[in-house]
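The structure under discussion appears below in the form of structure tokens.
Read from first to last, the chains carry the letters A, B and C; within each, the first residue is number 1.
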Amino acid sequence: MTTRRPARLGALLAAGLATALALTACGSSEDPLASTSSSTPSSSTAGSTAGSTDESTGSVVIGSANFPESALIANIYAEALRAKGVEVTTNLNIGNREVYIRALQDGSIDLIPEYSGTLLQYFDQAATAVSSEDVYTALEGALPDTLTVLEQSAAEDKDSITVTRATAEQYDLTTIADLAPVAGQLVLGGPPEFQTRPTGVPGLESKYGVVFGEFRALDTAGPLTLNALISDQVQAANLFTTDPAIKTNDLVSLEDPEFLFAAQNVLPLITESKVTPAIEEALNGVSEKLTTEVLIDLLTQVTVDQQDSAEVATTWVDEQGLGS
Amino acid sequence: MTAAWDFLTTAANWSGTDGIWTRFTEHLFYTLLSVVIAALVALPLGAVIGHTGRGVAAIAGVANALRALPTLGLLTVLTLWSFGLLTGQLARLGPSIVVLVVLAVPPILSNTYAGIAAVDPAARDAARGMGMTGSQVLLRVELPVAMPLVLSGVRSAYLQVVATATIAAVVGLGGFGRYVVDGLAQQLYGKMVAGALLVALMAVIGDRLIALVGRFLVSPGLSGRRVREKAQEAEAGFAAVPPT
Amino acid sequence: MNWDWLGRNSDRIVDLFVQHAWLAAAATLVGLVVALPLGAVAFRYRWTYPPLTTLAGLLYTIPSLALFVVLPGILGTRILDPVNVVIALTVYTVALLVRVVADALASVPEAVRQSATAMGYRPVRSLVTVQFPLAVPVIGAGLRVAAVSNVSLVSVAALLGVEQLGSLFTEGFQLNFFTPIAAGILLSLLLAVLFDVVIVLATRLSTPWARAVPSR
């Protein structure tokens, strides 16, 4: 080695650190996580909606959230759309709503399965609608111009606060309100976003006066959350009501008399300029057939019987006559 | 950047179970625990291999294979495996610590045996000539001479573990990774960047500290030109492998 | 292992493997191309060596997940664009290789450099036709480390919805299903080995003189 090294590494380090940080962060004054961006790079003319004379059946990129049910419904949409001759690409498991709405707005994806209640909350934090119909009506008004929802299905999958049977009996819990006096000694587990969403930790306090001793960020109602609940690392967890694990593990989802969680009908959220009559027909066809029971049944095939999500979707779409 | 600054300068963000102090303590604990366990495994193994010259090819292969293991895959598979096997704190820490140890072993291992294998044969012969036994040669001559390289291996391991502990937040671990993972999920940009900055800061400061400790560990008797250069090189160097 | 699952999903797994391969390969190659001139600068103008290698060291300390997320904001790319992943990994590759290239050039004997000068080679020609070729073995060794770690790092991008073998980890985890995860780990090990073999072969092919003399 012939290279000389100066002793003043410390000073250089400081200078280098500043540069490195600037590289990662200061490079843009724009907040890259901001989800309010209204620009869409879509080249199609805004305002062209269903009923236009466009003869092509269209093409869409379908995304999904980072949990199996969302991927399953995305696969169902994909299959039904393909049957109508729509060109379909999938990009599943993107992340949570906070992330995939950005993907919709920057044109990375065009279509994603959604849940009416939390979607409404996302765009209107002050929303008060509770029933399926009210939520749907409010949602249509709350969405940005570039996005639209098609018809909603009867299938509902709600967020829940779920505890083990033992915990429910120990503290005599039936509704979320019963948690108020004891929550201080308990740990709540859920996805990271549950800590900040209005229908999460903040809503528990404002609607029920329930404040947990600690919130622990886990996964989106997945194996991490379930295991933490069963092994008593957390005593209450945010699970989905369609989760087959609730039944198989004899868990108790607490009732929600104050409607912290509004109606959660499954529906397609799509970039408005991408909608064609064929797409609308295919997706409305799915929504017409999809019920909560169907959803639980199909999801059980995926998460319990370990069938392939895409295959379960194809079989169901064919059975329902949506495949032709 | 301003959002990150706001996050760091808000007093409320420094206290509590999700506060910076708690997260720092957690991150430091995971890192030290993993590096210490890795050193306990890799140092003796590397020393013996370097001393005897046996199994060098095998160990190089193992070290490379460990490097190639995808961290995320290992984390997910070990976490799933641990369900039902581990309980309490162990369930939360176990899988992640194993993954971090796996990351930390290769740099310490390969630097230790390389350092010892590179000891001047003349020095080794001289020690034998003075009547030292095999283990005396190893402990009194070979290890001290190899110390600069060993330390640079420890620093590589430290840097990698500090950065990779971030990913373990995905399977529920605490530490600064929580800010990165939660900040992404909650779309709190400042929180996420602050988390990344804190990780980087911790990496740099810890690296300097180990280098400082190294100055006292490296024998002052090693004043030969070659060794001094080697030590400087080790000091100026950073991780041999990027973070995860 | 659930072999049925593997059979049914073989098409998709192949797609993911190919996607993974090109993401890692692109980052490694672009990183090498950028690192060569930078490393030459760090070698030729010695005062730039400490700041360049220190900066490179600092880049390592940025967690990859954070880099994947902030890049679209800096570059103006879409958040699911694989380009973000390639650029992030390129940054790490350059950070690793700048130092390697500079040290590799320093390992070329002074006498060789002077001979080239004496034969009338201008600095750039000497660098490209004499010094870089002689530095290939050392650069190749650094490139192997970079390639292997890129293969491992790519999988982290699955957390952001960029599909490659890492998607098998997130999906398998959500379903508490080992087969996809095991398949993903094995295939990424295979990919690492493939990259390693290619780089070793390329190094040997580009240094025929190394084989002319039996190695000690």
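The working rule: contacts are C-beta pairs under 8 Å (C-beta built on N, C-alpha and C of every residue); 3 or more make two chains touch, one makes a residue touch a chain.
Keep in mind it's a predicted model, so treat the numbers as computed, not measured.
Enquirer: Just to be sure I understand the contacts, which chains border both chain C and chain B?
Expert: Looking at chain C and chain B together, the chains touching each of them are A.
Enquirer: If you take the mean of the Cα atoms for each chain, which one ends up farthest from chain C?
Expert: A
Enquirer: Taking each chain's centre as the mean of its CA atoms, how far is chain B from chain C in angstrom?
Expert: The separation of the two C-alpha centroids amounts to 21 Å.
Enquirer: Calculate how many whole Å lie between the centre of chain A and the centre of chain B, each centre taken as the average of the chain's C-alpha atoms.
Expert: Centre separation, chain A to chain B: 37 Å.
Enquirer: At which residue positions does chain C touch at least two other chains?
Expert: 50, 54, 57-58, 61-62, 66-67, 69-70, 158-160, 170, 173, 176
Enquirer: Two-or-more-chain contact residues of chain A, please, as numbers and ranges.
Expert: 1, 5, 9, 13, 17, 20, 24-25, 31-33, 95, 99, 219, 223
Enquirer: Can you list the chain B residues in contact with two or more other chains?
Expert: 79-80, 83, 170-171, 181, 184, 192-193, 196, 200, 204, 236 - these are the residues of chain B that touch more than one other chain.
Enquirer: For the complex, which residues does chain B have touching chain A?
Expert: Listed in rising order, the residues are 1, 3-4, 17-18, 79-80, 83-84, 87-88, 91-92, 169-172, 178, 181-182, 184-189, 192-193, 196-197, 200-201, 204, 208, 229, 232-233, 235-236.
Enquirer: If we count contacts the way the header does, which residues on chain A are in touch with chain B in the complex?
Expert: Touching chain B: residues 1, 5, 9-10, 13, 17, 20-21, 24-26, 31-35, 95-96, 98-99, 191-193, 195-196, 214-219, 223-224, 227-228, 231, 233 of chain A.
Enquirer: Over in the complex, which chain B residues touch chain C? Could you list them?
Expert: 64-65, 67-74, 76-77, 79-80, 83, 159, 162-164, 166-167, 170-171, 177, 180-181, 184, 192-193, 195-196, 199-200, 203-204, 236-244
Enquirer: Along chain A, where are the residues that touch chain C in the complex?
Expert: 1-6, 9, 12-13, 15-17, 19-20, 23-25, 27-28, 30-33, 41, 63, 66-68, 71, 91-95, 99-100, 102-103, 106-109, 219-220, 222-223, 302-303, 306, 308, 311
Enquirer: Of all residues in chain C, which touch chain B in the complex?
Expert: Where chain C meets chain B, its residues are 50, 53-54, 56-58, 60-67, 69-70, 92-93, 95-96, 99, 145-146, 148-149, 151-153, 155-156, 158-160, 165-166, 168-170, 172-173, 176, 178, 181-182, 184-185, 188-189, 192-193, 196.
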